[in-house]
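Below, each structure is written out as structure tokens.
Both of the next two complexes hold chain A, though its partner changes from chain B to chain C.
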Partner chain A sequence: MSVFPWLVAAWLLGIGLYGIITSRHYVHLIGCLSVLQSGTYVLLLGIGYKWGAGPPIFYDHPAGTPAVDPIVQALVLTDIVVGAAVTALLLVIALQVHKRRGSLDPQELRPLRPDN
Partner chain B sequence: MSASALLPVPVLLPLGVATFLLVFAHSLPSRLSTVVAILTATIGGLICAFLAHAALDGPVLHWFGGWTPASSGRPGVVLGISFLADPASAAVAAFAALLFAAALLFTWSYFDEALSHFEILMLLFLAGITGFCLTHDLFNLFVWFELMSVAAFSLTAYPLGKSSLEGAFNFTITNAFGSYMMLAGVGLIYARTGTLDFTQMGRVVAAAGSDPVLSGGFCLIAAALLTKAAIVPFHMWLADAHAVAPSPVSVIFSGIMVSVALFALAKLVAQVFIRDAEVMALVRILLLWLGAATALVGGAMAFAQRHLKRLLAFSTIAHLGIMLIGIAAVTPTGFGGFVLYLFGHGLIKATLFMIAGIVLAVCASGDEIGLYGKGRSIWPAGVVMAIAGLLLGGLPVGLLHNATESLASRSPTTAVVITLATALTGAAVLRAGARIFFGCSGAPGVEITAPTARQHEKNNRGLALMLTPCVALLAVAVIPGWLVMPFLGTAGARLIDPFGAGGPPMPMPPFSVVTFAPIAMTLVLVLFALLRERPTRPLARKLFRLELLPFRGMQFLHSGLVGDYVAWMLIGVAALAGFLTR
Partner chain C sequence: MTVTWRLGLFAISLAVLVPALWHVAMALPAFGAPTEMYGAAVNAIIPAARHITNMVAAVNFDVRGFDTLGEECILVAAVTGTCVLLRGARGEDLTAEAGHLPDRPHVERSDAVVLVCRIGATVLLLFGVYMALHGTATPGGGFQGGVIAASSLMLIYLGEGYSPWRHVMHSWFLGALEGGGAFIFVAAAAIPLMLGYAVLQNILPYGQPKDLFAGGLMVVANFAVGLSVAGSFGQLMLEFMEETRSPEDDPIPDEED
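On to the complex of A and B.
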């Protein structure tokens, strides 16, 4: 495996985290979390990749054809589902926060600090 | 039915019942769904208790779909996913079910209008925690981690109030970052070992020796579990989330959710990485220090809070630090002491959060200074809180005390740290209880630096009903320790090698200065807090301001900003990784 996917994964992790730490808007922050999440997908797919191998579907291939590792793909697929649930939940929370506070700036929305 | 066939039932049962309740939510009376949920938790707990007993004779193993290692046809290739009940795992799962049953009883009629959604989420949460305890597969562990996280996120936001939404947001972002780290760690470890089964991974790691990819994978998974377990510097989210979630949910959070993450860490360390010298150095040295730091920071912050639930949340952080000290020993006695501490602390903290719920419902506030003397009419709750506070502060009775002694007997340094943390948290609880229920005064000390907010919960059920689960849990908490020591001896040994022989009963710690030091210090601190006077002279005022300074600093660092929390988590990951490359 080349070093390229590792670099992409590290880059996505880095900018995702930078975005989360400096964000001033909940929706932007949720977007950054998704970028961060994509970093882990690239990492996992990179781990399971083999040069010259096909997809791990043996419907029209004889058994024994080289294929990429199906387990990491299953891991990624499972996490995409969970990630979708988490993103949806976060967006609902952001929506409810906006209804009640009229703001989506984390600086103004700090739990248990009424003076803000 | 054999024990092995019974093993998936405690997970499938709450999942199935939750689905059933969701389908029939519109036509079922809401009280009925509460009863069904309590029964489900109880039955699941009884099955887990039976499994814990059965596992004393040897581990109970279940391969899903019959995909045993033999069925792959190649030695060393494990394709299936398994559940494995060793005595400790099954006992922790049974304990989780007990807390759920108590919390559901406490919420009786509290969430009536909500179409049973509360009960459904709680059952999904229970299924997640049970699966998390019983699984023997790394990716499966991640899936249960996510399942219990998502249930926990939604339960925190459940009241849809201002603070609870913001607390839930911080909780979700930090823990979602944690779970992505965990997924990346699972990928790295899989890249080296080619399997996800704990036993098989342990064999490969033992054969491969230390390897940067394996250590990196461990770092990422440990960071995720330490985030869930709120260990310094990953702990920031906990005080926000626990303080704003509905009280019965905080009961579950503090009682079992956070400590079960440490339990999974203990299992991973013991069953997979015990032959990896680099990782073990990290566990024995760095995690020990992180545990000690967590205990002290949590204790000091708990003492400097005035919002009852936030106070209890920081006390939970302190106690998680003490538990990590037990894990970092990586010995059967250390693990046995950790499991005992998990039980003892969970029972008492669950009781205290229910008392906080009673205060929020009856007195419509959670601020100990504002509530001065307002709890006199519900003094029985005050008596229960005082007993729980004394137990938390090291009263030499019951499970928590035996666990504290066992963990503290390791070295003089750990004894000092554990004594300090125990005394600070116990004194904080007793001070708040004395102010709220018995009108004891004392000028506010460091706690005036803490944030607080108006908050209340619905008051629609009798005091007796709300106190019943509290008293029941406290009654379990004062069981004498020698009753469970034989079980813990075997449980601690089997946690390290599930297929090995059990161990001798855990030794009862002898009477020493450690026996009475925590409770003595707790009482001194309470007296100090309740007898202090407002500083009037210039010198006294200057000293008081000096005393407040470090606490103002710490309150400032716990800023409530999710970006700060993630930055602290990165510092934590850097510390873990930096230790490996030293």
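On to the complex of A and C.
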């Protein structure tokens, strides 16, 4: 039971990887990369979780109340924002590839050569 | 390499990866009973030491502030890369129309949609600002508030359509928000350094706990991140929406490569 969250994280990593391997479209591939990345969110939040503890915000309850780990929450927070920006960058690269080559299928896009 | 080959390689790598992951998963501390001291120490020390109540904000802007500075730079770099790649020969032309498929009927928006979107966008923008400003006291912070504020711009687009939206969105303004926020953050890190302290050392008065402006330098950093994230995501939306213009006025530049 206590190993279950780690298996969820591993599962997300696995299906993300499977999606990237079998992908036939770069936008789909970028989505799979986001799935893979969300495995790290589950892992980090799972590591910081504590049974019976509240949020690490001591506004309503006094300091010293049991609270979950704030470090991993901060890591996940910045990870999500930066992940969104990097996803945007990847989508732009996919857009430029489509403009120049007319296709987004990784199978069709052979290594770039100067003649095409 | 075909998909079959890649799947074969994936199966071979899984044969190594699955036992390794299983081994690591069993060796991790049991779920719900963390053993590491770092987070517990932050929860125990920071409320009294920094006079703020949101520990996640304290970690982001004080305990691991230098880390967040790096994340902020990644964000700015990713958005800059997006703009550089997308702009090309597009220019800042405001007369362009949104792209439209010829065989698809053009349906005007109803007044109700426009009204709901205008009200919703205003409320959402205010909520984003509220979320960002209260980041050091209650759940929220610059990152979350910035994203919420930026998404209100999308509601304006939904209600008004491309052309009116494009007329109120100014790239220079969003860029100034983004760069200005990043600059304030860097200044908040560098000024203590120039005064002979450590980077991001909290040299401002901490204020009263549970107050909106408690936390000293953390308030400045939080505000800066909020500005920067709102500007960055607004800029990203603008750049992507520019791609939906009619294709004929958007020629691919002929480059010698």
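Rule of thumb we're sticking to: the second predicted complex is superposed on the first by the 111 of 116 C-alpha atoms of A that agree within 3 Å, B and C clash if a C-alpha of one lies under 4 Å from a C-alpha of the other, contacts with A are read in each partner's own complex, and residues count from 1 in each chain.
FYI, contacts are C-beta pairs under 8 Å (C-beta built on N, C-alpha and C of every residue); 3 or more make two chains touch, one makes a residue touch a chain.
All values derive from a computational prediction rather than experimental measurement.
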Problem - Touched partner set for A:72, first chain B, second chain C, both or neither - result: both
Exercise for the section: Could you look at A:17 and tell me whether it touches chain B, chain C, both or neither (first, second, both, neither)? Expected result: both
Practice task
Pick one for A:85: touches chain B only (first), chain C only (second), both, or neither.
Solution key: both
Practice task
Please name the chain, chain B or chain C, that touches the greater number of residues in chain A.
Solution key: C
Problem - Touched partner set for A:94, first chain B, second chain C, both or neither - result: first
Handout entry: Touching partner for A:111 - first (chain B), second (chain C), both, neither
Key = first
Handout entry: chain B versus chain C as contact partner of A:57, first or second or both or neither
Key = second
Handout entry: Touching both chain B and chain C, residues of chain A
Key = 17, 21-22, 47, 71-72, 78, 82, 85-86, 89, 93, 96, 100, 107, 114
Practice task
Could you pull out which chain B residues touch chain A in their complex?
Solution key: 139, 143, 146, 149-150, 153-154, 157, 160-170, 172-173, 176-177, 179-180, 183-184, 186-188, 190-191, 196, 240, 243-244, 307, 310, 451-454, 559-564, 566-567, 570
Problem - Sites on chain A touched by chain C in the complex - result: 1-7, 10, 14, 17-18, 21-22, 46-51, 55-59, 63-64, 67-74, 77-78, 80-82, 84-86, 88-89, 91-93, 95-96, 99-100, 107, 114
Exercise for the section: Spell out the part of chain A that touches chain B in their complex, as residue ranges. Expected result: 17, 20-23, 26, 29, 33, 36-37, 39-40, 43-44, 47, 71-72, 75, 78-79, 82, 85-86, 89-90, 93-94, 96-97, 100-101, 106-107, 109-114
Problem - Residue ranges of chain C in contact with chain A within the complex - result: 2-3, 6-7, 10, 14, 21, 24-26, 28-34, 36, 38-40, 42-44, 47-48, 53-56, 58-60, 63-64, 67-68, 71, 74-75, 78-79, 81-82, 85-86, 137-139, 141, 143-144, 147, 210, 229, 232-233, 236, 239-240, 243, 252, 257
